[in-house]
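To start, the structure under review is shown below, and the notes come after it.
Chain naming follows the written order as A, B, C and D, and within any one chain the residues start at number 1.
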């Protein structure tokens, strides 16, 4: 069996950033990645270009762990792209940290990818059989080989040639000695935004990256758009056949930063509105509304506001968690959750609590949190979820468990409530969710809620 | 000049944890320190004892950076004490990371100290002149030399002998082959609590350390109390002359975790009540109440609740900050603040904002936050502080700037408001602060607000 | 310009070792590389196979620096190949440390190479133009791409297909899940020997690797021979057209270990005989014979013996040199040489010295040594070289300077003597050198002495 | 029991270097230590002084491993002392690496020590009982505490006060903001030499350190001499009562570098003469004389010369040994020796060999070497030792096994020969040894050969 077999169930969410012609290109990319840290905490990398040479620095861990004065200063040049990566699998994980930098007959080329290809297995098999040697286990590398193999002469034609062969979700940045190119797939699964900083073109997955440096947000790339930036200026092309738009609604529900603007809306506002909508659909008579921090906070505020119930931060989140944590051998009840979350007895004691979270995946964490609240004196715990039940995995770049591991794929809301041990459980409806998105409501991928997948993975 | 001169202006806040006779002593101490991480992020150490030998592991950085499987497993034995440290000064900072472990004629002895001695300079000079060789620049080491020099025979007598010579703030843990000893100074400046975990005695600076492992909180040590734990059991003595109690009120205002119980109260509840009291004293007519996250959140909730103004998380805090951050050379406006805090324009735009924080030290950070809110569309910014103006430094273990650097030491509230650029500024009154502490109100040190120092540093 | 351009002047000498089906395959490869350390001190790597997976560990530095318990133990499996590398160039030098491990359509494949290809530039250009993506700047990788691209079905046919396209010097080891293959090019430039250890087949560049572990030396591979070892046994094939044999005579003069047996002779014996021959050709009347340690020792003993002049270790070599050495800013005369060599005044004072070395490359080191001897009291210094003048570079795997940097390419023996500052200078004749090799005399490459290159590098 | 108990059987050999007022003080100390590397390979340290502050850098490993550009450059100032250390024991070995740097009431003080105190246990007990806290397990630290405790006012008086209380072997260097002081104990057990480099005073354990940098050797310190170097110049005092001189003869036999001059003679010359003397006392009729490299080489040359038997380097020493070596689990015969030494079959086959070494300690290594020679074809092996049988341990700074582990303490020469498996065994006589030292013959400690210890360790 091919040891590089690509497991179709393992995908990654990521963040990307790029800048063209700025004297501090690498430093600003570092800042941009820092602002996108929540999109990928397992690895980070930057490639810079000085117009004749590309340099790369990357590593495992947080942006701040990977980049120090000494390696940032090696990233000379006025153009750069960067990447933060969430999940990693296989042994030689550093190899899979992006950007990838290769030398092809036409020169140096770097790529950074947010998304997931659905026909990667088949494409890789074909390329390997005709003699391509892969350096990673990542689907992203396939795009590089397709470009290297293309018989077209111009790079943009080679790129289009290659991208017409791949299917799936891809927001991409390419860097060479001559250009910075941004690509968003025809469905627009993942965000990609264009900005301007001190006269330089910048790209990022979210506006939070622009805010940190004070860059101006210009617009989102259209689905299917390719933006080519060279010394001669910026050019936009749309070489792919038109397609329906399928933006990932989970970016709004959970994934993006609340202070970011993506897919035409501010994320905090969407979540706050989801909380109000949830209050209308699934009200409860409780003494206090408590969020599961941090992601549940905006919806909980909206929920409390709509129902005029006091909002309390009844659970404290510990933010010092690193990637590894040494668990004591002696079983400590609900250890995994307690490392992150500590309920406040003085707030909870004797109270009926409306607990607000954004999703339930396997149900085990929710079960532990509900248990912890009761241990700390909560009289009743009513769990409210600011999204519909998650019934299917994502094939477009979010790392989700298999269908069978998703508790809502096989259990009714009532059964989930019993499993979790809550006094009541209420999910937001799909209609309610889409109503909050207003005029944009038809442009979202909701496959993880309704099983309507725009594309399925191919073997 | 003595190169080890102890700068009386540089002190440190710290957290300590200890456990006696538990098979996973070191692992649990690691957990305890992890829960106390907010009390000291510059260094951490653990000393364990197996009844015949003490072992030490320590390092610079967060608990998770310092301790890994490989060094934790070297900390064999069933007793342990640990320490997290905030500020470090001088060159050989690792040497100053506690616990300190020394060998004296009576055997091994380890010490962990939260607090600051006010007569350290004089004591050290005397000891050095009679031939003591110091290993660190820390005031804590003085206690060890005084014990080593004592002419008493029993360790407890040597300890009392030594502690009668030192003045200042000291919550202490001692570990030897035979005992674990906890000490709280007669003023009770710093917290120290007693708990029980699976039949073992545990000590910690805050209850949050007990919560994480599921230990039971028994009681706080009394000011002036020494608790000696040996194989024969636990013994409490109070060998010092009685004194008035002077618990640090800043632990309640800012320093301790909101989910901790210290000085007879839950911290979140105190802060929430401070917010309500602030609303009564300094109300404002605003569209929304926004906290400076994270420490300003409980007071902001209370403030909003009292005034029935919507509470909004209008500023997002980035929690991925490491100790070092590479600043771009090109000046980015308000860079330092923007790395941590990002305002949400969609929430703030056109709004009159009541901004709630717990303190103003130099005023420069508040100035930047107010400016950022305005940049992001806030129409008015009314700053409310859930404590009185900080007018003096702390000599009892909190690292504060000098008096002249404290903006409230020389400027009126009106001038501070002008400096910060807010539309209005309101502080909580000292009376209001103490009223919230209720029957405990006479037991607090408020010297940083009213200049009534129980002890002054000696040269 | 292609940034991966292969500089035809930069080549490396290396050592390789392999073992098939031994429970301690990786540990024994580590020992084998350790014994071959003199052949490459800049980097080392090992790939192991457990029959279904290949694992790699490599690093910069000495074998002992690169391999520790923790990475050796990750190299599971009962087959392994290893490589030590001398010179490194380019930026990402770790990438160029061998073995290389890749995954091709047929499975995992690892390669270790001692030698240098003379048509690498042309082959790489062709491969890149048809879409191959290279991972390194090494000529060795070309062989992997040629194998991946071959249309043959069986691996051995793909291998032959690939090797028929490359020219130059190559002693190779290949490892896959199924086989260990050893290859020596048709000229036999570099050594490669077959041995047996505890029933397992072993390969090494020199017998010293066998001696260390107590393996039995069986025979040298023939030029042009391929030995394939699988579970079914060992098979030898010779698929290439016959060629004249051109073994590198510098292995005998300087490169190989004196305790090794390569190219049909023991190296110490050859060097001792070269010293005797040199004494016959270029005798001198001196008080003592002193070698330039360590490589000049055997020839100096032979030289002294033949002339019946006392042999003295009048120069002490310091063996603690690491790769980097911090030079004081203040010029210390002959610093570079003195770090390695210290003459003994008590031995040299007032003496006429016959100084024996194996070669003169640029002349500057010899100049410094002669000067040091005089500084330490030597009355006369007569330099004797146990090889002919080095007049041309090597294209077959030894890292030499360009022709113009070789002092003997442009200066007469008399001029070299004057430059070096010796009282007399005598080289061994080419005839004398070859006479020592006896019946083997026609099977050596002596191009660096006589400019008769069997193959020239192609652009 | 006191865990810092000083084991009287564990001592260390060391090397020291110091320089006063040179702009490159730290770099030159690094060079000096590098030249003294053979005297201690387990750890190295340097303390520098800029006249107002002392700085320290130290680490485990070779000089080249410990010192890099980045830590050398932190050693600012124009005065420095350094130390290389051989054996280490206990857990926190880095703490025991010298120089030690402490701050006492009088200011900074650093010490570097070659030797061993014989009354350390008693002195330490007394100091600890009066309240001194020790930082290390080293006897050297005792001297610092004695100085700190002295009631004298001037540093030189405090020093003399302290040194009058210690017994044993001590060549010492002290560095403060104001002075560099060199001390040699009254017996003169260990060497200490004075030199001059570019107008600056330098001290070193051997002249090889002077040679490397081109410093001029002035003279050896007298036993009992203290040399004080300050800005006002150099002053020599001899405050101790006169004693007989007892220089360590093992420095000449084995320990010092052959290119060094110590105790009034060049070491190579002494060893060469020992070989000639050995030939006169214990001749043999053999085909070749082979040294055990490297230390046996000079004696073997002398032995061969005297007997007119060909000298051959029949055993090759591998110089790439690091401190740790991963041994394969499968027993490899004579592995430990083969890692270092490889016999050359082509040289040994069918020969009667006179094997020359400088000492036999436990006998096991000699046994393995003799066995290896036979395995490689030697017909006869006649072992000749260029010193008398080692019958007792050293208490003056050389790390030796206990008396019972020394094979010559309990076995006759005949029995040792049988144990080793040699055809004959001959030791040099004590008279022969001393004769070679000529007029100096009464000034040597030969206690390890004749049990006449000048001082015995006290409990």
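Keep in mind that, in the parts below, contacts are C-beta pairs under 8 Å (C-beta built on N, C-alpha and C of every residue); 3 or more make two chains touch, one makes a residue touch a chain.
Because the structure is a prediction, the values reported are computed rather than measured.
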item: Length of the shortest touching-chain route, chain A through to chain D; value: 2
item: Identity of the chain that, by mean CA position, is farthest from chain A; value: D
item: Approximate Å spacing (C-alpha centroids) for the pair chain B, chain D; value: 51
item: Whole-Å gap between the CA centroids of chain A and chain B; value: 36
item: For chain B paired with chain C, centre-to-centre distance based on mean C-alpha positions, whole Å; value: 63
item: Chain C residues counted as touching two or more neighbouring chains; value: none
item: Chain contact graph, described as a line, ring, star, complete graph or other shape; value: ring
item: Full enumeration of touching chain pairs; value: A-B, A-C, B-D, C-D
item: Residues on chain A engaged by chain C in the complex (per definition of touch); value: 2-4, 53, 55, 91, 102-105, 107-108, 125, 128-135, 144-145, 148-150
item: Of all residues in chain A, those that touch chain B in their complex; value: 23-24, 27-28, 30-31, 34-35, 37-38, 41, 62-65, 67-69, 72, 198, 208, 211-214, 257-259, 261, 266, 268-269, 272, 294, 297-298, 301, 305, 310-313, 316, 318-322, 324-326, 328-330, 332-333, 338-339, 342-347
